[in-house]
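Note that the chains take the letters A, B, C and D in the order they are written out, and that residue 1 is the start of every chain.
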Amino acid sequence: MTESFFDRLGEKLTRKMAQGISRRSMIAKAGSAAVVTSSLPLLPVQRAQAAQAQPAAVSDFDRRAQSTDPTKCDYWRHCAIDGVLCGCCGGGVHTCPPGTQPSPVSWIGTCRNPVDNRSYVIAYRDCCGRTLCNSSPDCHCNTEDRELPVYRPQANNDIIWCFGGSSAVYHCSTAALVGQAE
Amino acid sequence: MTGWFRHVSAMVASVVVSAPAVAQAAEPSPALQAEQSDVAQLPAMGAHWVFPYTRTTAITIYDGDNGHVLGTIPATPLANNVITPDRRTIYVTETSWSLVDHGDRHDMLQQFDARTLERVRELALPPRALVGRKQQNFDVDANGKLGFIFDLSPASAVTVVDLSAFRVVRTVDIPGCALVFPWQSGGFSSLCGDGSLTNVAVGTDGKASVTHSKPFFSADGDPVYEQSLAERAKGDAYFITYSGKVMKAHLGPQPVIEPAWSIQQAAGQPAAGTGVQELAWRPGGTQPFAMSYYNHHLFALMHTGTYWTHKTAGTEVWELDTQAHRLVRRIDLPAPAKVVAVSQDEKPLLYANGENGNLMVIDLQSGKTLRNTHIDAGAMTVTPP
Amino acid sequence: MTESFFDRLGEKLTRKMAQGISRRSMIAKAGSAAVVTSSLPLLPVQRAQAAQAQPAAVSDFDRRAQSTDPTKCDYWRHCAIDGVLCGCCGGGVHTCPPGTQPSPVSWIGTCRNPVDNRSYVIAYRDCCGRTLCNSSPDCHCNTEDRELPVYRPQANNDIIWCFGGSSAVYHCSTAALVGQAE
Amino acid sequence: MTGWFRHVSAMVASVVVSAPAVAQAAEPSPALQAEQSDVAQLPAMGAHWVFPYTRTTAITIYDGDNGHVLGTIPATPLANNVITPDRRTIYVTETSWSLVDHGDRHDMLQQFDARTLERVRELALPPRALVGRKQQNFDVDANGKLGFIFDLSPASAVTVVDLSAFRVVRTVDIPGCALVFPWQSGGFSSLCGDGSLTNVAVGTDGKASVTHSKPFFSADGDPVYEQSLAERAKGDAYFITYSGKVMKAHLGPQPVIEPAWSIQQAAGQPAAGTGVQELAWRPGGTQPFAMSYYNHHLFALMHTGTYWTHKTAGTEVWELDTQAHRLVRRIDLPAPAKVVAVSQDEKPLLYANGENGNLMVIDLQSGKTLRNTHIDAGAMTVTPP
């Protein structure tokens, strides 16, 4: 059984990632006896910037997005969110509901703000450690702009992003603004 | 958990993003700034907060005035909760298995801070009763010192918890009896199958002294509802029978039980009997009664039917003056409901959980239905004391 | 903590009750230091017979009951069942679904068979040890003829009757015929 | 558990009550006789059984021919299941916490007997990936000897289990890669973020040898679906991209990948691109693909939309001949669906989980919808191999 090894590895990686140290160096440092490929994901912000370098056409989501009600799936920051909006659960767009904990790591989307026409990097941080928020079905979203498979974990919204907290039980999802994508 | 949580809370700064004032101004608006994640805290508990059990996973805290969700307390279908008289603490009794439906069984008392909704501490309990949710499975006394948790394994007992020391004081066997109706302080009474009460005083030394009252109802003839009401602040109980007879009792080692009056007679109708073909307005539901303790008005979910319809949903709520023994008004519900609850202020809101999973909110001053929203509401709803 | 005492007491009582020994003698024998009242429930079958001695008018449930489809709430034996019918879950009217276990003890109802107009004692045995059966809403019943509060436990359908099994997790309810009520 | 269970099973006699033949005969019919409780067992697993995930608590086994429930396997939203090639065993990977949402975390492999649905044994695992349910999180090889369980903690790894000895062989790190596509025997491949495959052979000595294939797709340009298909019996995979390109691969230490063909071109339409304003018929859902392995017809949930609609529900199922690369037929669904599955016999039934929670059952011979019933169907449905 390698359970304790994995527990430790997971914790270590999580803390380092939360401190902004590149995942590549971490995995190299972890010195695992097994496989290391050349396909390591870049840091969230770096990757999002790289994506931005490509010509960015406006998606259907972007065209229809609103900037007034962050408790709806079509709020502009929710272009690739999979889950229950914390704003419907006693939290807010970057605030976890009482009694839950923000995951120190998250996945990353790039959404266009219809007010200033800029693209922003959004950290979809899950709030964790409590049974699922039972909010209105209007608050259960599954949007998919630029959402990639789990082999690109930092662009995937199917993962429960509750690494490093007291328990990995999923409660709801926030959409915190990290910075401009340009 | 708590240590890590504090760490994160300390890390997050309070950077707030101000939205651009003008949407499409000619000069470019400044870019939005980065945000830090934080965790919400609640203000002091309001009288119009309401705690319905939702789905099979949670008690969801709603603001009755605007319908917003305020937070979530975890609760399986086996859980029961109590809000303490000072509204600062929420206790949850819970039973779970380590591997979902097998593995080690855990019976727990969990204490939540009402502002942070953090689980402050938890206590392992002897096996609790696994029965339908009702307030009478778990309650605390008026000063919040003792908690009483009904056990059924399958012998009947009550686990007494010292809530300050957060430890089990003792488990008191109550054979043939069940449920807890707390006294003002220092004890509880339980309803018994022979129509009597068993009364358990818990001394400061932790010792239990037990008395038995004479039978005052017939479990075979017209049983008292499990969901009869306890007014902790006064140590009173309102025992209500299947047919709609109300008996006020002052609880203690020697309970004093007042004569029964009929809900139907209070409404100018014949008293309802126990005939299986006798049509009458009758109480029913999984939480059929609530009371506004400032004026002692009883709210009863009522439907038309024969005897043995004590779990049937109500189509109306009858408001009854328990001092004058008369009907105040009949409130038509938007949909049949199994649960009624009422806020404990003087501008009360009435809540009803529909069979359809809706939470109905009715302003008792205007009589208006403020909301009728699907929230997967279940078999119980709690309001702040 | 009296946990282990209660565990043992619960187990002992359950086994004895399953073997048909009166609960009164058991509780006396358990020799608990605490309360013994005079209001001990009688044995299930005895109590059901006692109830039958009263004039038995026909309830609305009885009048409407059918005897052909045991997977419906209005099947005659289901006059006081609270839960999911095991016949809708891979079991039958007295058969637990595969992978579940019948509780050795149960509560007792008295229902009238519309075919022979006799009243029968029904043992509402829960099937236990597995998460709730997700059957059709038509199979979720809550009938209430002669159902009494939990202080008369053997006539109460709000209790999870899963004492004595591997786990007290409720899956579904059966309605086994125990005998004639007369 | 098992000991007690056998005891009860032995106790119960097979007394069966025969219903009275004539309802209201003149002479009184004999009274019905007492019954004993027993426990159902299942016959050998039929090709038309279907295993949808239902609500958040179970995999409910349905008989696709008549719509009856056959039994229940416990499964939280974190569970994944596999039916072994001999159909005698059902494996479930599960993660739970001892106190519902906190306490000790347990990652388990549970083995169920397919006839009794008893939990035969269970094995503690290293932490599993907690991600949306999909077959590619957990699979077994064609001879049922090895199980592969995807981990993500958050580093990527796969736990290899010897299913006969029922023990963890080893955990193999697969950095930058994810999911498992089993070989015919002795190993698996995983999809990687650089568009390649990582291939892990597990020797009889338990040692892992790892190879890397060259990139054959672009994760940024047009990623391969996580829910691409593995044909265990042949060790083949069908990798399908967001835009609808299909690449057959023979898996092993040196995978052989065939050229891509377009689902849309197979249907006589232009190949779909990756334009965010480019309207086309596109695949989508949480389980968008299934295959009838006897004739290698692919079933794809299709909808009209632009690129980045890879999770959108399908309004049609397209049946495609994967050898001729041509459309066989388009099947209109009664309601939009997120999941498609197909039985593995030569008189196949097609299953679709509606967004509305319905299970739709379509007879592929007649084209008729046999059933469209609300069962709270979720994000995944498994059929017997």
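Rule of thumb we're sticking to: contacts are C-beta pairs under 8 Å (C-beta built on N, C-alpha and C of every residue); 3 or more make two chains touch, one makes a residue touch a chain.
The model shown is predicted, which means the values in this text are computed figures rather than measured ones.
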Between A-D and C-D, the pair joined by more C-beta contacts: A-D
Separation of subunit C from subunit D, taking each centre as the mean of its C-alpha atoms, in whole Å: 38
Separation of mean Cα positions, subunit C and subunit B [Å, integer]: 26
Chain centre separation (subunit B, subunit D; CA means) in Å: 42
Contacts with 2+ other chains: residues of subunit D: 1, 56-57, 74, 100-103, 119
Multi-chain contact residues (two or more partners), subunit A: 129-132, 166-167
Pairwise chain contacts, counting only pairs that touch as defined: A-B, A-D, B-C, B-D, C-D
Subunit D residues touching subunit B - in the complex, by the definition given at the top: 1, 56-57, 74, 76, 94, 96, 98-104, 106, 108, 119, 122
Residue ranges of subunit D in contact with subunit A within the complex: 56, 78, 95, 97, 100-103, 105, 107, 124-127, 129-132, 151-157, 168, 170-179, 190-196, 198, 200, 208, 210, 212, 219-220, 223-226, 275-277, 305-306, 308-312
Residues on subunit A engaged by subunit B in the complex (per definition of touch): 67, 88-102, 104, 113, 115-116, 118, 120, 123, 125, 127, 129-136, 164-167, 171, 174, 176-180
Subunit A residues touching subunit D - in the complex, by the definition given at the top: 1-3, 5-7, 9-10, 13-14, 17, 27, 30, 32-41, 51, 57-61, 82, 105, 129-132, 142, 144-153, 156, 158-160, 162-163, 166-170
Contacting residues of subunit D [partner subunit C, same complex]: 1, 4-5, 8, 12, 17, 19-20, 23-24, 28-29, 31-42, 54-55, 57-58, 60-61, 68-75, 112, 115-119, 373-376
